[in-house]
Structure formats: structure tokens, C-alpha cells
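The two complexes that follow have chain A in common; it is paired with chain B in the first and with chain C in the second.
And then the complex of A and B:
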């Protein structure tokens, strides 16, 4: 840097960019560039190990229209997302409201529910694989003890996805619980006191105070959950590997196999990724539209 | 359901009894919630023939550490948990260092300086939180391959750091904004440079947020599965989740002992962090989650 030219003011103007440089370098090279490069790849016939590849226009996307396994995986992902949303929104909410009622041992309880969230998806998957073992697993043993029907939950196409949902609820409920608790603490207690003075029942104040004021938190949980569900992979990989048949095959698993296990077809996998991305963006926008509204108080 | 903060006059015997009952129900639920994890620990301590005995025995007696010895030190199996533990440690610590440094230096001007392009930078970085990592999987692999980073530590560390970076910027900027500016103004009058202010004033005051971010980054790097699954193809370089997933394939389904020992080992570091820094983690989730 030359010191004798009248650079002082310009050096001051550079300061913010010097601070930004390392972070933005990391971000541009490993987030932005791959995102756009993925779009480019989706229009090519790139393969693993193929040095030269060509432009194929929309061929990869057209092939997806005929790829029935991709359709199955889209459907399964949609089913998983739809079926898991209510339990994942509601169970932590009920727990949070209960924990917020001045129970003792609050920290212990919150930590107990949060703990599974510190585990990796593989550990969680292995845990439930063992619990749900059809013959020697404790889950079926206790069900039998209660006189309930048992089955090979993970090997039965009608129950495998539900077992994956159960596993996921156990894994992430504590995270959403903590977020709900934070939201509940921001609701001014005077509102409940006023409602109680007016003779509102517990349910009434839950519906008219708690839920409306939790709206931004609910929106956050909803969007986070949907983005996560569209990408479900680890649980499926460990618990069922997409089976039985293709009953639990999901989009990211199909993408993973297309790119890295069976066909090494990067172009086609990138097209899948962008279809998935488009769906996620679309759903997020719809949710923001639906759930926005007045949240000021 | 009213979470009415009770004033003394309202505290009746009936509501106290209800609260006790509610606590009882929640404690039972919490124990039920923890039971799968306890079952993993119990299984890992049993002798192999005892593991599949029904009815399930919740006290591992006689106990043994043989499964731990096997997964840590035996080299006959395809996946070596001891080595994977080391790999995960290197990768996670590396990712934490990069994330904390890069997020802090990026968040500082975004929170404290005025310059052209600031809102654009912030918008793009925060908007990228919506980019699903699965979507950039293939191009990131192509990039990592071109750099010659497949099956290397940097090939795991740098992409993991990039994944958590946007969240870190968001979190730290929020926190920096909440720190009053008087100290910095005083330091500036005394001739301190922006770098001095950043290092001597802002960072020390931001320790809670930096700690929360470090834990968050550690957790995501330690637990990430999809990226190392494709970016590593040498068994010696597998981090824990990949090694564990392959351990499952290495044993027949009845040998739950070693698998559960591996699962327990992989859970230990975060369990310890969690017990030591419970409050900070909760605070981090709060800051990152809701305070948008």
C-alpha cells in the first residue's frame, strides 16, 4: 500500500470491505457458486469422472417427467412432509404450554426433551432401528404387553414411513419446544390476567391470546420444518434405505443414488435438486403469505 | 391454557395440586422420552447373549466394556470408531474456528458501519439460509473434487463452515446491534482503529453469542452426515456419523452391542457440552430462532 498518495479517506472507505472479505470469500465460493453451478449442470449431461460434457437443454428435466421412481420419491417426500407437520408443530407446543405453567423441574424437563436433538441423525436412526427390531426390540415387546398389535414396522410398506416420522419427532421435538418456550415468555402476562378477570377459560385464552401471539414463532417452526422435511435423507438411509420396495424412497435419497451410487449422473441429479429447490421456495412463499398478517401487539 | 403468573392471593390449594399433577405427568413423559437413549447406553454395556434377551432388562448386569474396546481398537472391522472420533474432532474444531472468525468479521461491518452494498450483502447472506444443502450437494462435490480436496480434512472443514456461516452472521449481527455504541465512540476518539475496536471491545462483550455460535457450529459439523458420506471415500477419513452408518453394515443385525457402543461414544462430546453449557445452548436456539 503506498503511503504518500492522498489515500487516507479511501482507505477508511475500504475498511468494511476488508472485514467482509474472508467471510464473503468463503460464502461465495462454497455457497453461491455451487448453487449457480448446479443450475448450469442441470442443463448438461455431466457424469462423475467424465471430463468433457455437453449442453443438453431441458433433457434432464424432461426425463424427470417420465422417471416414475422420481415421482414415487416426490410423493413419499410430500406424504412425509404432510404427515409429520401436525405432530411436529403440535407436540412441542403442548409440551411448551405445559412447561410454561410454572411446573417445578422445568430445566430438567426441558433438557430431557431437548437431548435427542444433540444426537446425529445416524445415532438417532440406529437407536430406533434397535428399538423397533421386530423380534428382540423392546418396542414390540411392550406393545404386546399392552395387548396391542405388533408388526415389522420398518419392513411393512404401510408403517415404514410412520416409523420414520416417529423417529424424527423424537429427534427434533425438543428443539421446537425451546423455540416455543422463548416465544411464550415474550407474551406479556398481563394479557392472561386481564382475560382471567374477564372470566375467560383456559382454552379460551389459549386460542385467543397464546396462538395469535405465537404466530411469528409458529411461522418460523412451520417454515423450518417444511424446508427440513423436503430434504429428509439420513433417517431413511439408516432405517429403511428407501424400502420396503420404494415405500420410503425420498427425493434426496433418489438424488444421492442417481449422482453417487448407481448412475453417477450429475446432470440429472442437479435437475432434481432444482425441482426440489423450486418446490421449497414456492411452499415457503405460500406459507409466508398465509401466516403473515398482524403480529404486532 | 392460562400461564397466569400467580399472585399470592390466587394461589389456592387446588391449583397447587393441579400443578403437582402436571409436573408428575411431565416427568413421566420426560423419562419415557429419554428411555430410547438410556436403552442404547444399557445395551452397549451388556454381554452379547444378554442383549437380545426378553423381557428387556434395563439394568446392564453383569456389565462389560468389551464392545467399547472392540469399536475403539479393533482394526479388523471396516469402520474404526476410534479413528473416526479423531476425524470428527479435527473437522468440528476446524469448522468452529472458521465459522466464528468469518461470521464475526462479516457481522461487524454489517452491524456497525455504513457503506454502499451493505443491505445487499446482508440480504443475500440471510436469504441463503433458505438454500437447502441438499440442493448444492452435486456442484459442491464437483468443486471439492476440482480442488483435490476429496477425502481430506479441508474438504470437510471448509464446506461445513460455509454451511453454518450465514446463520453465524445473522446471529452475531443481531447481538452486535444490541451492544450500545458509547464504548466504541470513546475508543474511536482515542484513535483506536476499527480492528482494535472489533478485537478489544466488541468481541469480549459478545462472548455469550460467540459461545452459542461455537456450540451450534460444533453440533452441525459433528453431526453432519450427507456431505461426509459423499466427500470421503477413504475409511481412514470417515467422521463418526459415516463410520457408524457403515458399522451397521459390518455387523449382523443381532450384534447390537458394538453398534450401540459406537452410538454412545459419538453422543458423548455433545452430551458433555450440553450439560456444561445448557443455558447457553438454549439461549443460542432462542437468539437464532425467533429473534428475527
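And then the complex of A and C:
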């Protein structure tokens, strides 16, 4: 017995790691290694395609302090995140509540709203680029037809970011709608029944039953949206390339241009990536704290 | 174990083993190299010209037996890909690039220099080419490229739009603007509602650096000083151009919004006078647009025409492969000999003079106009900082175009950014 006991648990302990090994290996090669190598590069003056490069300490990070376009891109990213949060939280919620009530063509509408999310960001971007085209686009055509003022939405510094937000809401609303619907269906119908017996109005039920019981779902949507917002790139890249001027330049757009267009500065682009990573970690920690305090799973 | 039917003699076995070994070992593979190898060729011909290139390459393979594996990648991505793959030894045998990319790729060791003896040995001589295109392949005294063709600007005039503006004569020919003032007056006559009088650029005219460069050159200005050390964009002549660029849309309202597709607007009959690339004209013919062309008008001091020749280059290989290099040379040679076909079908006039007298080319009104512009052709400055400077220029001129930033302040800001670019 004593000779057998030490062997068994060892074999048993190895098994889960063997199962995890393929995943861990891929994770290390494609996630962990690039992440850490990016950190190393951020302390160098590495340029893509150049064999030799040197250690520059914190110079790349110091340069970011002076890079006004990086500051603009941080501000734009923050603006996008803040301005898109309410529509992204509210619009799918309104739709979900409506669809949960048994509207005509419910299944059809649910699919219709979800459909945009199945498209790639480039498809969505190109579609909206055409819809919002200032001369041949249908959007301005109908506005003109209605006698309303038109403008070139994506080339106007005051409207370009809002056009990107609109595109994003159209694209992702269906996804959040499905998540909300799942949450709504988890709310016991008895609660609404009891509320109705007590004479509560629909509005009152929404505020006192739906919203509080939906809080875990709302927080999930909130957290995933904020993290996604910090990384916004595809829509900007296709719709405006950061323009007009730098009006919609976001951190990832700036990073992409630094790394792949302007002299291939991998060192300084890696530094940007790590600053962004730091910001996302910070916000995620704050949000997880919020989640922990109020949510039961 | 062995089946009686397949008996392998020892000699045969050894011969087969040697063949397998030769195929596996890279050194031995070369010894067995076929007389007609396959070459890899990267280019950015993603438009209709790509289809023409495919057909010509098929014909080349039929003629020579050399197979060409093409990778067609949008230009910007192609350049990033070359920058990454060539140092890793994964580059193509042949790449078609724009002239202004030559200096930075040469500087970074991505391209292999071509000595004069090799070029002339393969039948390429400078006097057969238009000087500016031949010179474009040289960086710091060394040749890195052989020119193919000369994409350039031209003035397109939408006949029906101009007729509506009363600018078509009794002979049915639209009036050609002879000066900046005349262009502005004509454009104002055309512009109404969502129809625009004048534009420069295919899409996104607000950040069309090639148009901005064309205007700079017309005014004797440039992006860098003559020694390429500093930006020359704060010179009064450059600021004057920026002021014009900032007035056409924001002030005069004759040019389309910064992010408009001028090509779509022109095809849809919503744009009258349009300075744009020669690569657009075959598409306009396909779309059955009633248009005429004229040389790029002189809007400032001289009638300079912006050009951007395509150049054949040899990305540095991991190890030299003479057979592949020879095959790549044969492809360039073949294309240069058949460049009239390329001009007629893809719409780009050749860098090589010989095709210029082809009656099919001289008989085409657009190609004839393009060729007539040759004395006024100009290209970008041969500095590795040209391309990064252009990337910095795009958002800045857009703020000028939409009237967000005054011309002088924008040029000062841009010059500061360009001067801060590393050497």
C-alpha cells in the first residue's frame, strides 16, 4: 500500500494539466509571448524590419507624455466610451422589453435585430460609409427630400464620432438584446402577477421588478462594453481613419498607424499598447469591485 | 513482406533515394532546379488593372514557360508586408512598388541594388526611358528599380454637368480652365445643390496628399527643402497652396465634402471639373460617362503634373537563386516589350518610350493627353522620410480642407511634426 499511494495522486494530479496543455500551449505562444515581448519592445527603439535595435529605457513612455496626438486619441477614446455607453445599455433594453411582451412577428424581429451582429466590422463599416456618403448616400438623399439640413456626417468634426457611435449601436444592439432577453426570461412571472394584483402600472413594474432583477445582466453588458470601447478600432479605421483631422483618432488607431504606417515604430507602439492595457486593467478592476458588491451569482 | 511483383533492384533503390534526398536537401534542390522556375510576384494592382495583369502574365507563361505566382495586396498592406517578410527571408522574387517607396526600402535594406551592368545586360538602358521615371529607381547613386508605367493626374470634365452650367461650346467641347481664377469662376457656375464644380482626388479629397503635392509643385513649393533636411511647408509658396486647398470646399463651396467619393460623384453627374488619377479613365468608359479630358491646368506658377511611376524591384532574398532572378528579369523584359498592351488595357502610359509611338496609343484621346503631359511630370522627393511625412500630412490637410484650421497654422504644425521624424 505504502508503495502505491504516492504514485496514484501524482498521476491524478497530472491529468488535468495534460488536458489543459494544448490550450495552455496555444495561449502561451499566441497570447502570453506576444504580450511579454511587447512589454520588452516598449523599452527599445525597435523598428519592424530592422535587425538591430537598442534599449532606450522609459524613453517611449516619456515620449507619450509629449505626444499631443496620443493625448487626443486618449480623449477621443474616453469620449467614445462615455458617449456610447448610455445608448448601448438603453436601446437594446427597450427593444428587449418590447420583444419580451409578445409583439407581433417577435421571432422575426429578434432575428432581424440580431442579424447585424453576424456581420464583420468591415462589412458594417463599408455599408455605413455608403449610407452616410455626403453626395450619393441614401441618408442625405432622404434628409434632403424631407427638406432637412444635410451635412457630411463623417467629415464634420462635430458629428463624426456620433456617426461612429450610431454605427456601433446598430451593429451590436442585437447581441445585447439577446443577452437582455435571456435575463428577462429569468425573472419569475409571479412577481409581475403579484405586482399587477397590487395595482402596479407597467412603468412601476419595470422600475421595481425588471430593472433591479436585471442588474447582473446590466452590469455584464456595462463591463464588456467598456472594455470593448477602449479597444475600438475597426469602425474608426473603415469609416474615418481617425479623421476629420484627428477628431475620431482613437488609441488603437494611433497605435496601428505608429506600428504599421509611420516608420514601423514597434517600440513606441508597444508602449502605447501597454498604457492602454494598464487603463483597461484599472477600469476592469473598478468594475469587478462594483460587480462583487452588488451581485449574487 | 515484399510483394513478388514489385522487386526493387539495389541500383534503382539508390537512385530513387538520391532523388528524394535531392528534393529534400536545399543545396541539392538547386542542382535539380528546372530550367523554367516559378517566381513569386507581389503587387498592389487591386483594381481593374489587376485583371489585365493576370491576362498578360498568362500570356507570358505561355510564351516562356515561366510560372508566376502573384500575390495581390492593397498597396499600404503590401508595403507593410514587404517590410516584415523580406528581412525574415520570406519576401517575393519580384515586387511592383511606387517610386516614392524606393528610398525607404532601399535605406532599410529591403531592396537589392541593381548594378548598371546587370540592367544593361538584360537590355535596359536609361535612354529608352523618360528621364524622370528612370531616375526614380535610383537612391543615393544606386539603382534599385526598373520603371514600368506612369500613373499621373489628368483633368476630367463631365460633359453633361458642364453643359448644364453653360460651359460647353457650340462644337460640343467643354471649356478648359486656363488659370486658377478661371477654374474658380467656372466651378462656381457649375456648383448648385449637391452638384460640385471642382474636385481633386479620387476618394476623400480632404486628405488627398497627392493632389496637395501636385498643387505644391505647381507653385514651386515642396514637402522638404532641397537637402531633405527640413520641411519646406512653412514657405509662403506652400502656405499659399494650403490656403487654396482650404478655400475650395470650406469657403467657395465648389468642392465636395472631405470624405466624398469624387469618382462616384463624377459618374453620378454631380461633379464637373475633376483632377484625378489616370487610373480612373478606363472605369469611366466602362460606366459610359460622357467625359472629356485635358492636361492638368496650371493653377499656380507652372503646369506641373503629379506622377507616381510603378517600379519593378527585387526584394532581398535569403539566399541568391540565379535561376529565379533570371526568370524575374525575363518577366520584366517581357512586360516592357508588351507594355503597349498594358497601356491600352490598363490605361497607364509606359515609362519606356518605345510604346509611345504605337498608333493605337497615339490615337486614343486620353492616352495622347497623358503622354503630352510628359514634359511637366514631377514625382516625390527621394528621401526615406517622404512616406512617413505623407502619412502625417493626411489629417492636417483635412483640417485645412474642412476649414477647421487656418492654412498657416496647419502648415507650421505639420512642418514641426515632419521635422521631428527620425532620420
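Definition applied: the second predicted complex is superposed on the first by the 276 of 297 C-alpha atoms of A that agree within 3 Å, B and C clash if a C-alpha of one lies under 4 Å from a C-alpha of the other, contacts with A are read in each partner's own complex, and residues count from 1 in each chain.
Please note the rule applied: a residue touches a chain if its C-beta (ideal position, glycine included) is under 8 Å from a C-beta of that chain, and two chains touch if they have at least 3 such contacts.
Keep in mind that what you see is a predicted model, and the values were worked out from it rather than measured.
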| item | value |
| --- | --- |
| Partner chain in contact with A:269 - chain B first, chain C second, else both or neither | first |
| Touching partner for A:50 - first (chain B), second (chain C), both, neither | second |
| Partner touching more residues of chain A, whether chain B or chain C | B |
| First, second, both or neither for A:110, with chain B first and chain C second | first |
| First, second, both or neither for A:136, with chain B first and chain C second | both |
| First (chain B), second (chain C), both or neither touched by A:257 | second |
| Chain B/chain C common contact set on chain A | 133, 136, 260 |
| Interfacial residue positions of chain A with respect to chain C in the complex | 48-51, 133-136, 140, 144, 151-152, 154-157, 240-246, 249, 257, 260-264 |
| Touching residues on chain A, where the partner in the complex is chain B | 13, 15-17, 19-20, 22-24, 26-27, 29-35, 37-38, 41, 46, 95, 97-105, 107-116, 118-123, 125-131, 133, 136, 138, 141-142, 170, 175, 178-179, 182-184, 186, 189, 192-193, 195-196, 200, 202-203, 205-206, 210, 216-217, 220, 227, 230-231, 233-234, 237-238, 252, 255-256, 259-260, 266, 269-270, 273-274, 276-277, 280-281, 284 |
| Complex interface listing, chain C residues touching chain A | 76, 80, 83-84, 86-87, 108, 110, 194, 196, 204, 206-207, 256-261, 264-265, 268, 270, 388, 391-392, 394-396, 398-399, 402, 404-405, 421-422 |
| Touch list for chain B against partner chain A, complex | 1-6, 19, 22-23, 25-27, 29-31, 33-34, 36-37, 39-40, 43, 51-52, 54-56, 98, 101-103, 105-106, 108-110, 113, 115, 118, 121, 124-125, 128, 130-143, 158-159, 161-163, 165-166, 169, 194, 198, 219, 222-226, 229-230, 240-242, 244-245, 248, 253-254, 256, 259-260, 263, 266-267, 270-271, 273-274, 278, 281-282, 285-286, 289-290, 292 |
